[in-house]
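Listed below are the structures to be examined.
In what follows, chain A forms one complex with chain B and a second complex with chain C.
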Partner chain A sequence: MTRTSRLTPYLYVAPLVLLIAFVFGYPLVRIFEFSFKMVRGIDGPWIGFRNYQLVLGQDLFWESVLHNVQLLLAIPVMVIVSLLVAILLYERVAGWKLYRIIVFVPFVLAIPIIAVVMKRMFQFSGPVNEVLRWLSLDFMALDWIGSSDVALWTVMILIIWRESALGIILFLARMMSLDESVIEAAKLEGANWWQRARYIILPQMRGVIEFFVVVSTITMLSAVFAYVYVIGGGRGGPGTATVVVEFYIFNALIRTSLPGIASAASVMLFLVSVALIFPLFRARRRAAQDEATR
Partner chain B sequence: MTEKKAWDLSRRELMKMGLALGAGSALGGMLPGSARAQQLTMDWWWWGEQELPGLQKVVDGAVAAYKEATIKPMLQDTAVVISQFQTAAAAGNAPDIQYLWNGIYHMESVWFGYLKGLKELIKPEILTASTPTALSNFGGDTYRVGWYPLPMLWIYNKKLFEQVKLDPNAPPKTWDELLVACEALKTAGIEPLGGGIQDGYWSEWYISHALPQNLDTVGEAVELFIGDKDFRDPKYHEHWTKLEELKTKGYLNADMSSLELYPGIDLVPAGKLAMGQSIGTRLPADLKTANGEIGVMVMPVFGKGKLAGTPLLDVQGLGISSNAEDPKAAAAFLEFLNSPEQLKAFWDATGWIPSNTTFDSSVITDATVRSMWETWGLGKNISNVTNVMPGQFYERAAIPTGQQIVQGSMTGEQAGELAANTAKEWREFNPDLVENYQKWVVDLSAS
Partner chain C sequence: MNKLLAALPKHAVLLFASFLALVPTIFMISTALKTEQEYAIDKLGFPSMPVLENFRAVLLDSPFLWWMLNSLILVAGAVVISTIVSCLAAYAIARMEFKGRNMLLAISTSLMAVPPIVMIVPLFVLYSRIGLISTYQGAILIYAGLITPFSVYLLTTFFRTVPNELFESARMDGANDFIILVKIVLPLSAPALVTLLVVNSLYVWNDLLIAIIFLQDDAKRTLMAGISVFQGRYNNQVPLTMAGMVIASAPMLILYISFQKYFIRGLMAGAVK
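Let's look at the complex of A and B:
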């Protein structure tokens, strides 16, 4: 193979690589640069690690991190809910094709739309509490979005409802590719629903579950802004009860005119997300291997 | 033989064209001023249709009526009013005329050098009549012309007052009178006071009304941020203690924490809440909803500062950017907006009052609205102190404190502690801005 022919494929992809490097690389470089500057307007003086010191020394930042970590608690729930629904659909309960569409609808709708609807539902005098009061369950009629103790859990309910839809579709797609004869054989051997799920279906689902868990972890750390923005009244409230790291960055950049601080927090969030991409790739590889060895 | 293309000019033809263009320019210089000014184009970035429907019509009408220059208006999105201007100004591409919120929301641009002082550009009588408010002053100059006013007030439902034998024409003036009224309303099963605090603005408005009660000047509020005064001093967090009192006595509406500002205000004209905070621009519509049974009042007095009990007036304004090609021409347009014809056109298009003390208020037919304008707009008033708050303080202390007190998870004293710590944190994050704030105190304390 000549030197020229070895280079040819790289030359073909070079324009796209350069475009991507410009679109993603340039802003990234600028964010790293800004994180070391006291930016006023569009630039500012170099101040070393001062922005990082200020961010890491601020209670609000750590509170935001804690809220992101708290949101991770939603992942096991999402996995269980998604698996249960996916298995039910896989069992082809009557009308399963229609149910499949219905469960995926929340994922198709834009987050702000469903969050606004949910917010109305969960108001103190909203439909959810009205129903609870009608059922004489007044003790359960909480101030879902107006209480600092409850608001983040309300956000979590919304996230579980919407993001589980992705899990259901992923899991169902994987199940559809399983060898049905094994499951039929188990049925003939007298395995009940739980035994079939536990010993036959789940072991073959490991790769796709890992994939979903890693994707959801990244979501919880860096893609829940729209949820908290709407439910938290655009303030991360009540108080600071629903402030997450993304919201912290948004506030620093847009509302308090501190691009340097926003950049420092962004760099830290970026590095954490990058660290999580490696397990994501591993999970994807495992899912592919599972598929290949089936 | 090749065909001669249209753009293939000979050297002679090129010279001829150059001479013709030169002669044209020279002749243009001899034309009357107005004809030359036609060629000047100015950009005007504005905002406000979002809070005052009809403003688009005002802008379109003014642009069409102005013959001295071509004005190119652009309505800005709420989220980028400040950042879009500052970014453009930093790049040298700012519009000639820029919409400016009051106080720190434009003062930062003054400090960056993005705005022109107006005292040398606008006729003093027009500048004063437009009431740009004291928060537009820095270093002895003024940086905004007032455009439209936002009187900040408390409203109450007269019918609900009558139901519990309270005088509908004599709303409470002191804190003790307020507590008596609240108790009477509560006893009758009527939610006495509140609104919606979920989006945080109620917190801000509460501070606007209540903090000045223990201040002698607006400059004193700035001293709280730069560290010369301390929110831990009971005098400076008494307003939050009073809010806590309203909460613990059960006078705030039960769903206040889960309602947003405007749905919360709607409760008063709807007869579901007796008193609440509001804004003048809403008054005509609220009067209509409640069949005229809405009264306006200044927040009842508890404090001992010189500003206590004074009506609160915020004003949205316009300024001239440092990038303006011809600042005098931009100033002329701002003066044009304050001409009697344009002030009337403003009223006709919006049903709201323009910010100008020379506006003929006899056109206001509703007695409540006219009385409100005479008290809040033409009488002695003070600026909105939350407009001197640094953004970091606003987000970290001003909004959360109110929300947490209303939901019962914070005391007034704790709010003072959080405010003091946040002010300190802001000083650490923004050492450069502290210096400017220190200079600003001089202007604000003088006015």
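Let's look at the complex of A and C:
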């Protein structure tokens, strides 16, 4: 019989420790260091809080923060759309399995691909406006991509369109785990569709809705780069209309070669995501408990 | 009949939702089959005389296939490295006693919530200095690192559900940890491994951020980065662009339709990490 030596576990976890130390550990230490330095090339002198002062004093930074915050408006829409479709699918109307496959398609397509397609559809002389004009809704035929007042809303439409598919599948999975006998009983008692949805299904969905909201918040604040990169033509355009914090960091690092500035913004984004880790874990635990105590 | 009538509004809503979900895909395919002239006159209708010229042009006159190959290399490299690293670590965390075990799992799990953009600045500066920009190995290492915390989390949860008796009896037969992992735990974990394969491959295949920053050389462009460049260059040739998008999305759509169960499970698991 071979006895596990005391060193064995460490041998097994060593590759993991090395990998995350390199990809996460090293950068997380360095962004704090860089954020207090004037980095030219690979290093530079300490300059205290000057990078932070520069970032916080820049209109573009605040504009990009505001854009991320504005994207949060998409979340309630996503929740309502997903709940509605999920409840309808849960009722198992004829062909619900086919509907389910179809409504999940948006989430299967990669963001850059779908952004390129949508960009063509929403062009000023594109098919979306053609349909709107045909419906005599000329006032709605906006310059979806080219106008700086509208472009971010177009990004939001695209995000709602894609991320709602995730909500539908998450919510549906949770509904499938509900106790059906209660719903059947309510049906027999004559509860109508709205009453069943409102008083029986919805109250049991709290955990998973909360979870979806937290996950989506993290997405809106820190994972929309691919959307804005394509819609904004790689420049956050038109003008600065679609610049988000991720793009601000990208710009500072790649276009203007100011790693110190990019690091100061990264540190702030990192702190925001750390603040979101706790609600995320709490929501995940609660959603898992709901699932377990069905 | 009554029942059918009652279900009508539900079908109306679901049909509308399905229509919205499919419209971009239909537009993409239909436009790809039109000539530039036809698209200029008719943007909405189906092609009257479908042409394949756009597909030919994309495949032969642009580096599309080359980009796909680059993406494939990155996916394979990152997924293989990450899977090996996380299987070993998850096995130790789930089945062995050692100091710092819980802390390691807690740290690794928290890293799932850190946005990738945060790690980019120092890695870019480092890579520029040691010449890893626009190399496969440099990008593979970053991708492998980014997908590993979730893999460790998922596998640890799964390995803990393997019944203890299996380990005991294997140990009686003189099997060491590595043999137990490879011969017993991994075959039992096939569902979790498939889910991981889907999640991780999609992450790397679909990523734009890392690809754009760390693979700037034209010869190393990935499919997603290539598309983002390509669309700007052919801004006015919509059918040609759409043919490119059809080719780019075809692998995912085909895999989705063939393995939708795994896909839905994998995408859900990946999205909620």
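One rule holds for everything that comes next: the second predicted complex is superposed on the first by the 277 of 294 C-alpha atoms of A that agree within 3 Å, B and C clash if a C-alpha of one lies under 4 Å from a C-alpha of the other, contacts with A are read in each partner's own complex, and residues count from 1 in each chain.
In this text, a contact is a pair of C-beta atoms (placed from the backbone, for glycine too) under 8 Å apart; a residue touches a chain by one contact, two chains touch by 3 or more.
Since the model is a prediction, treat every value here as computed from it, not as a measurement.
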Q: Check whether A:Ile254 is in contact with chain B, with chain C, with both or with neither, and answer first, second, both or neither.
A: both
Q. Which partner, chain B or chain C, is in contact with more residues of chain A?
A. C
Q. Touch check for A:Tyr229: first (chain B), second (chain C), both, or neither?
A. second
Q: State whether A:Gly239 touches chain B only (first), chain C only (second), both chains, or neither.
A: first
Q.
If we overlay the two complexes on their shared chain A, which of chain B and chain C does A:Trp144 touch? Say first, second, both or neither.
A. first
Q. For A:Phe107, is the partner it touches chain B (first), chain C (second), both, or none of the two (neither)?
A. second
Q) When the two structures are overlaid on chain A, which partner does A:Val39 contact: first (chain B), second (chain C), both, or neither? A) second
Q) Is A:Pro279 touching the first partner chain B, the second partner chain C, both, or neither of them? A) neither
Q) Which chain A residues lie in the overlap of the chain B contact set and the chain C contact set? A) 42, 126, 233-234, 254
Q | chain A partner contacts - residues on chain C that touch it in the complex | A | 7, 10-11, 13-14, 17-18, 20-25, 27-28, 31, 43-44, 81, 84-86, 88-89, 91-93, 96-98, 101, 104, 107-108, 110-111, 113-115, 117-126, 128-129, 141-142, 144-146, 148-149, 152, 171-172, 174, 176-177, 205-209, 212-213, 224, 227-228, 231-232, 238, 241-242, 245, 248-249, 252-253, 256-257, 260, 263-264, 267-268, 271-272
Q) Where on chain B does chain A make contact in their complex? A) 79, 82-83, 86-87, 89-91, 108, 112, 197-200, 254-260, 390-392, 394-396, 399-400, 403-404, 407, 409-410, 425, 428-430, 432
Q. How about chain A: which of its residues touch chain B in the complex?
A. 38, 40-43, 54, 58, 60, 122-126, 143-149, 233-235, 237-240, 251, 254-258, 261
Q) Which of the residues in chain A end up touching chain C in this complex? A) 1-2, 4, 6, 8-10, 12-13, 15-17, 19-20, 22-24, 26-28, 30-31, 34, 39, 42, 84-85, 88-89, 91, 93-94, 96, 99, 101-114, 116-121, 126-127, 130-131, 161, 165-166, 169-170, 173, 211, 215, 218, 221-223, 225-226, 229-230, 233-234, 246, 249-250, 253-254, 259, 262-263, 266, 269-270, 273-274, 276-277, 280, 284
